[in-house]
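Some structures are shown below for you to check.
In what follows, subunit A forms one complex with subunit B and a second complex with subunit C.
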Partner chain A sequence: MSWTARPLTDVDYYDLDGILAEQQCLPATFQVHIPGMGYLDGTEENEDILEGTKIPLPVWLIDTLNTDHEMLVETDLPKALTEAVLRHLRASASKVNLQALCPYYFMVAEKLQHMAEGTLPITTGDTIAQAFQDRLKAVLDHTQTRLEEHTSEFVQGLDMVERDILKRGQDASLQVKRWAMRTPARIRRAPALGMGDADVYGRPARGGRQG
Partner chain B sequence: MALPVQLQSALSPAEAEFLAENERIQIEPLVRLPVLGLIETEFGPFVPPRSVSVPLWLAIVLKKRGLCLIKPPRWLTAESLQDLVQAERTQDQFTPLPFHYMEVAKMLLEAHVAGDDLPDAGTCQTLLQDLREARRSKARQGVEIMDQSHIRVDHLAQMELNELRPPFTMSFSMMKRLQAAANLARPGGLTGTTAVGTGSGASGNRGGGMPSSSGTAAYGGSGLSY
Partner chain C sequence: MYGDEALKLVREAKRAQAAAGSTLSVYNETVVRNVIKELQILADEQSRVVAVIQHAVDEDPYNETDDVMAAAPAAYRAQFLLHHAGIERNKRCLLAYHAARIDKVRALTWELGGAGLPPDVARRCSPAEARFAEKYAELLTSFKGVHGSIDLTAAPVPPKELYICVRVVKDCGEIFTETGQSLVLKANTQHFVRRTDVERLITQGYLVHVE
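Up next is the complex of A and B:
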């Protein structure tokens, strides 16, 4: 695999999700001898990085190490983009647990495709784009419900971008419901007092007391 | 400007309601009133029982003071709502409804006093709920036919548009990015000469967060970076 850097645009630089996504590590093999950086492999034994050592490096570091002039590291495809995973995505995209594979799956995939500069097979990119679309239907369906992150299996399988979409959809629906109930303008007993208040939809609390 | 996430790509429902208050509605004044000279325009004079067209906000203010009767719009009766619900359930497309039907209906039903101008307020309430549910389930099915650059849906109302905007803009944005990344592997993809996709990566264009005034929503992949 040959990787070269792509120019950072201003928008991407400050994107928090992008920063977190680029924190993903890939196994990298150094092509040159680098003195004094031996501590990168986590142990105290070597003072320098010898040619051919394999160290897991974050994507942003690989990006900057491989400029147009020279390639300092060679990397392999991460586990998340192997043919096995792609086949699984092609078969049933919504059943794949992307959170376990890589929490920022789509952003990392996008970044790696840019870094690879067209050397990846066409099917990789297409499969991932199609998988996003297929999973999107399930995500948008669930925006009408109120799924909790820790309890729902469905949400646990989503990657961070999909969770963001889900949350925004849920918030928007909730806002409309609250507006329909005129909840902001109604005077209710504060939930901290008493046996529990009517919830935001105006349903009475258990125990029968109306807010 | 640092807006909270909910306000970044859509109006709040209260803002949508405010915009809807400008819709014109017929009222029947109960009391003689002189011309009301306001900043932009004037209204009046109000001579009972001649009915006159005023903005909804004015109608509600007068109604609350007992100075007028509001004539509900033609679609806000039990029979027409019944027909609309029927049509909504049988057709695949969305039925054409006034753009602000949800807000207008809500404000009129709230300003309504028993035995007054709106004959069957209770039934109207439930029928409106049914109508909303039918349209919402249709919007969900529409996601199936989404392709990567746009989706065309006619006759969506203001509140429904607002509700769909945040998740849809983000989804489209991401879809565009992934498709652009996939196109890099195609011949001509590196130089950006492919026909598909209009930019590389996440472009920083803020597609307008303001609502269009027509009922037709064409969700472009506006590249709204989240």
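Up next is the complex of A and C:
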């Protein structure tokens, strides 16, 4: 793959999800001999990295090693973006467990799409975009009809971006429900104070949303 | 791999962000110190690598350029970049962790209307964060003063009635109402009071608005 890094904006730099997403490892083959850095493979066996050594490296590391001037490592697709998985996505997108494959599936795919432009098959981007749309229909359906569901198999299979959408959708639906039932607008204790020690009647705090 | 320790901080910050109604977690001094240690080790290694590169380039009879990095042998360039990546990664994780916490402190201060942090939250801050919280609360209060006729931090709930029923959760002692009367707010008593007098106390958790 060729590799072009995109400079980070301020917002991206501090983004916790972005940091976690870049931890995704790709299979990498070193193009140079590097003495003394053998410990990167996680074992104590090798003193040096030899030309042709294969070590899985996180995206953030590859980002620095490969520049416009030279590619110190050759990279391969992660398992999550191989043809086999893409076939599954084309067949029935909502059934694929993305969380297990790569918790930040769409963010990683987008990053690699940009960096490895021209090397990923053209159809990969389209397939993943289509899969996102298909899954989104199911996610949005959940936000309207299953407002308390947090741990079903479907939800387990969602990646972090989809989970965020689901949560916000569920919160929004609950608010609409409360408004429709004309739940009186009570001034609330600041959510920042957390659950607190006990409720009004002295009962201990439980998890869940406040009135 | 470099940055594994620092990732712990990012994961912790992410968890705190995701939990509903969450408040500040304890400042993870131990892990922060470990990350700084790792940074120091990497920086020391890096100085050594730089010295080696400079020496190699100086000794090279065929070198005509001033660009040290371009003239250096690939192996040294690789070493440099590997350490550099590790340093940048650790730095980014540290900054994101602290930034997320400071954002939380800011949000808490707004929610509590410019009052300082409650003691149980302040206990979980680092000394620097506690100082920030104090200063920020002062800043917010003077900012509110500029717009004297509007309370910028009032509860964002449109008022439905003039008088409301409240139950006292935490003892507040004696307060003075707008009309000049005094009220004794003892724990577990219930009062029918003017909304504007007690809004702030409800937000801060001393009283609860009941129906």
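A few comments on the model shown:
In the analysis below, the second predicted complex is superposed on the first by the 170 of 211 C-alpha atoms of A that agree within 3 Å, B and C clash if a C-alpha of one lies under 4 Å from a C-alpha of the other, contacts with A are read in each partner's own complex, and residues count from 1 in each chain.
Methods note: a residue touches a chain if its C-beta (ideal position, glycine included) is under 8 Å from a C-beta of that chain, and two chains touch if they have at least 3 such contacts.
All of these numbers come straight from a predicted model, not from anything done at the bench.
With both structures placed on the common chain, the touch criterion links A:Gln175 to subunit B but leaves subunit C unconnected. With both structures placed on the common chain, the touch criterion links A:Gly42 to subunit C but leaves subunit B unconnected.
By the touch criterion stated above, A:Thr64 is placed in contact with subunit C alone, subunit B being left untouched. Once the two complexes are laid over each other on the shared chain, residue contacts for A:Glu153 go to neither subunit B nor subunit C.
By the touch criterion defined above, A:Ile165 reaches subunit B but does not reach subunit C. Of the two partner chains placed by the overlay, only subunit B lies in contact with A:Ile122; subunit C stays clear of it. Residues 15, 17, 184 of subunit A lie at the contact with subunit B in one complex and at the contact with subunit C in the other.
Interface residues of subunit A facing subunit B in the complex, by the touch rule stated above, are 9-12, 15, 17, 106, 109-110, 113-114, 116-122, 124-126, 128-129, 132-133, 136-137, 139-141, 143-144, 161, 164-166, 168-169, 171-173, 175-176, 178-180, 182, 184. Residues of subunit B that touch subunit A in their complex: 5-6, 10, 12-14, 17, 106, 110, 136, 140, 143-144, 146, 148, 159, 162-167, 170-171, 174-175, 177-179, 181-186, 189-190, 201-204, 225-226.
Residues 1-3, 7, 10-11, 13-14, 17, 20-23, 70, 74-75, 77-79, 81-82, 84-86, 88-89, 92-93, 95-96, 99-100, 107-108, 111-112, 118, 155, 157-158, 160, 164, 167, 169, 195, 199, 202-205, 208-211 of subunit C are the ones touching subunit A in the complex. Those residues of subunit A lying in contact with subunit C across their complex are 13-17, 19-20, 23, 30, 32-37, 40, 42, 58, 60-61, 63-65, 69-70, 72, 184-196, 198-200, 209-210.
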